[in-house]
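In what follows, structures are represented as C-alpha cells.
Both complexes shown next keep subunit A, but they swap its partner, so subunit B is in the first and subunit C is in the second.
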Partner chain A sequence: MSARIEPGRTDPRRPWRRSMRGWWHRNPYYLRYLAMEATSILIALYALILLLGLWRLTEGEAAWAAWLAMLKSPVSLALHAILLPVFAFHSYSWFRIMPKTLPAIEWRGKRLKQTTITALGIAAAVAVNLALLLLLAGVQP
Partner chain B sequence: MPDTARSIELEILRYLPESGHEPWYQVYEVPFEDDWSVLQGLQFIKDDLDSTLSFRWSCRMAICGSCGLMIDGVPRLGCRTFLRNYYPRRVRITALQHFPIERDLVIVADDFIDKLKRAKPWLIPKQARALADGEYLQSPAELAHYRQFSTCINCLLCYAACPQYGLDAEFAGPGILALLHRYNADSRDGGREQRMDLGHSDAGFWGCTAVAYCSEVCPKEVDPANAINQNKMGSAIDYLLRFVRPRGSGE
Partner chain C sequence: MKRSHEPVFWSLFGAGGILAALCGVALVFVTGLGAPLGWIVSPRLMEFDTLRAFAGQGFGKLVIFAVIVLFLWHATLRILLLLHDFGLGGGRLTRWIGNGLALLATIFTAYLLLLL
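This part shows the complex of A and B:
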C-alpha cells in the first residue's frame, strides 16, 4: 500500500491507493483464470512439436520415422501423460468461457442456458476426438 | 439494541485521511439478529459503538448500488449479505478493491464517472421524431435483446472483481462496457458509431481478458463478461475489413 500525499497539499482529501501486488492469489477465481492462461503456453509448445513433425516429413522417410520414434521415447510418453490432462483442462476452461463470447441463442422460443452451451461444446469436442481415434484405428495396418 | 444473545466480530479496514496514519484493521463486536444484513451491522457500529466509521448506503434493498463492499474478500452489496451466513467466524470488511479509499469503507469513484461519459450511456435516436409522431415503438423481442444489460445499478462490484481494471488504468471496465453494449443493442438507438471508438480500443472490449469474475459477482445478473466478449468477434471483423474496404468509401 502507498499513500498519494503530495507535499504542501492543503486539500484534506488523501485518497489511499492499494497495490495490485499478489492480486492473483486473493481469490480462487483468479487462480483458475491464471491456470487457464498458463496452460496455453504448453499448448503452444505442443503446436511446435507438431510443426516439427511436419517439417521432418518434408525431409524424407528417415527423418519422419526418427520423429515418430522420438514421440515413442519414455521422456515423450511421460510428457504426453502430463499434457493430456493439461489439454483437457484448457479445453474445458475455454468451453466454460464460450457462452460469454456469444450473443443470446434462442431455441424453440427459449434462451439457451450458458451451461447448456458449455455442455454442447464439450460434447462436440469429445465426439470429434472419438471419431478421429476410430478413424486412426481403422487406418492402422 | 437487537434482541439476541448472538454477536459477531466485524474486522473493518479503517482509514482516516486527516489522521496521517496508514489504513488499519479495527474489530467490533456486533450483536445481531437472524435477518440482519452486513449493512445493518455497520449501522449498529455507527449508531452505538463508533460514530467515526464511514460507509455509503441509501436504499438497503439492492437498488441504489451504494453499499458495495469487500466482504471476506468477495465484492458484495452490504444490504443483501447476511451476517448469519458468516457466524460464528469473524468477517473482514474493506472498501471495494481496485478503487482508492476516500475514507474507511468509502471509495473514490471519480475514475468510473469520468469513463462512464465516454460510453455515451443514453439513447441517441436513429431518426429525430416530432412529438406528434408519437413514441418509439419496440417489440418484446427487441426489448429482450438488451433488457438484461439495462438492469445495472452502477454498484461497481464488477470493477472490484476485475483485476484488469486494477492493473490497467486506461480500461473502461465491465460495467461501462456492458452499458455501451446495452445502448448499441437497443433497436431505437443509432449511436453505435459514436460509441465504438471506445468499444474497439484497448480501453474497450480488448482490454478485457475474459476473467469473467465480474459476471459472478453482479447482483443484478447483467453478465458484463457476456456483453463485452460477444462484441470481440464483430470488433475483429470490423478491424480486418479496414484492409479490404476501398479507400474513401466513407465507412
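This part shows the complex of A and C:
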C-alpha cells in the first residue's frame, strides 16, 4: 500500500493511476453488478411506500383510504409491476452470491458445491413466497 | 484498537437481504397488485380495520417493523456502496447522512407502531 497523498497535493513520484471514469461500461460483468446494486434503490422505495402506509394507518380511516387509492392508481400499479421482477432478481442474485460469502460446508464428507447452495436458496425463496401468498390468499377478513 | 461498528450495519444488511430474498416477491405482489386489484387475495385484506387489528398486536407490529426497517437498512448500505463506486461521497459524511436517515426512519417506524 502506498502512502495516502493529501487532497490538493501531488505525489512527487507522479505514479500512473488508471482513471475510474466510465468504469461501468468497460466490462459486461460491471454492468451486471450495477444492475444488481441498483435494485437496492427500488427496495428502499418499496419500504418507503410501506412506511407511508403505516403513517396513514395511524392517521385514521380517511388517510388510509387515500393511501389505498394511491395504490390503485396506474402509476403505482405500473411501479409494483416493475418491483416484482426487481425483487425476483434480488432474490436470485442474493442466493447466487451467498455461497461465495459462506465458509465451506461439508455434507457427507464432501464439500457442498456452490451451485447446490444457490439452488437450495432459490428453492427456499420459492417455497416461502408461495407459502406466504397462499396464507394471505386464505385470509378472508 | 478501536472497535468497529461496521458489523452492525453488515448484519442489518444481511437480515434485510435475506428477508427480501425470501418473501419480497409475495409482499410486493400482495400489497401492490393483489390487494389493490383483488387478484388472488381478498381486496378486503388491506382494509382499515384489518390492518389496524394486525398492527394492534405484538406479532403484527414485529412483522411490519422488520419488513420496513430491515429493507431500509439493507438498501442504505448498498446505496452507500453504489455511491462510493461512482466516486460520489463515500466519505464519512455520506455514511453519516445515509445511516442517520435509516436510523431516523427506524425510530419513526417504531413510534408509529407504538401509536397503534
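Keep this in mind: the second predicted complex is superposed on the first by the 122 of 141 C-alpha atoms of A that agree within 3 Å, B and C clash if a C-alpha of one lies under 4 Å from a C-alpha of the other, contacts with A are read in each partner's own complex, and residues count from 1 in each chain.
Definition applied: contacts are C-beta pairs under 8 Å (C-beta built on N, C-alpha and C of every residue); 3 or more make two chains touch, one makes a residue touch a chain.
In this text the structure is predicted, and so the values were computed from the model without any measurement.
Visitor: Given the touch rule stated above, what does A:A119 touch, subunit B (first), subunit C (second), both, or neither?
Guide: So A:A119 meets neither subunit B nor subunit C here.
Visitor: After lining up the shared chain so the two structures overlap, which partner does A:P103 touch, if you call subunit B first and subunit C second: first, second, both or neither?
Guide: It touches subunit B, and subunit C stays clear.
Visitor: Could you look at A:P15 and tell me whether it touches subunit B, subunit C, both or neither (first, second, both, neither)?
Guide: first
Visitor: Going by the contact rule stated at the top, is it subunit B or subunit C that touches a larger number of residues on subunit A?
Guide: C
Visitor: Report for A:L52: first if it touches subunit B alone, second if subunit C alone, otherwise both or neither.
Guide: Neither: A:L52 stays clear of subunit B and subunit C.
Visitor: Between subunit B (first) and subunit C (second), which does A:L31 come into contact with in this model arrangement: first, second, both, or neither?
Guide: It touches nothing on subunit B or subunit C.
Visitor: Output check: A:E61 vs subunit B and subunit C. Expected answer is one of first, second, both, neither. What do you get?
Guide: second
Visitor: Starting from the residues of subunit A touching subunit B, keep only those that also touch subunit C in the other complex, and list them.
Guide: On subunit A, the residues that contact subunit B in one structure and subunit C in the other are 20, 24, 37.
Visitor: Show me the residue ranges of subunit B that touch subunit A in the complex, using the header's touch definition.
Guide: 15, 17-18, 22-23, 73-74, 97-98, 100-102, 108, 144-145, 163, 166-167, 209-213, 215-216, 223, 225-226, 229-230, 232-233
Visitor: Which bits of subunit A are touching subunit B when the two form their complex?
Guide: Counting only subunit A, the residues touching subunit B are 1, 3-4, 12-18, 20, 23-24, 26-27, 29-30, 33, 37, 97, 99-104, 114.
Visitor: Using the touch definition up top, name the residues of subunit A that touch subunit C in the complex.
Guide: For this pair, the touching residues of subunit A are 20, 24, 34, 37-38, 40-41, 43-44, 46-51, 53-55, 57-58, 61, 64-65, 68, 71-72, 76-77, 79-81, 83-84, 87-88, 90-91, 94-95, 121, 124-125, 128-130, 132-133, 136-137, 139-141.
Visitor: For subunit C, which residues are in contact with subunit A within the complex?
Guide: 16-18, 20-37, 40-42, 44-52, 55, 64, 67-68, 71-72, 74-76, 78-79, 81-82, 85, 87, 105, 108-109, 112-113, 115-116
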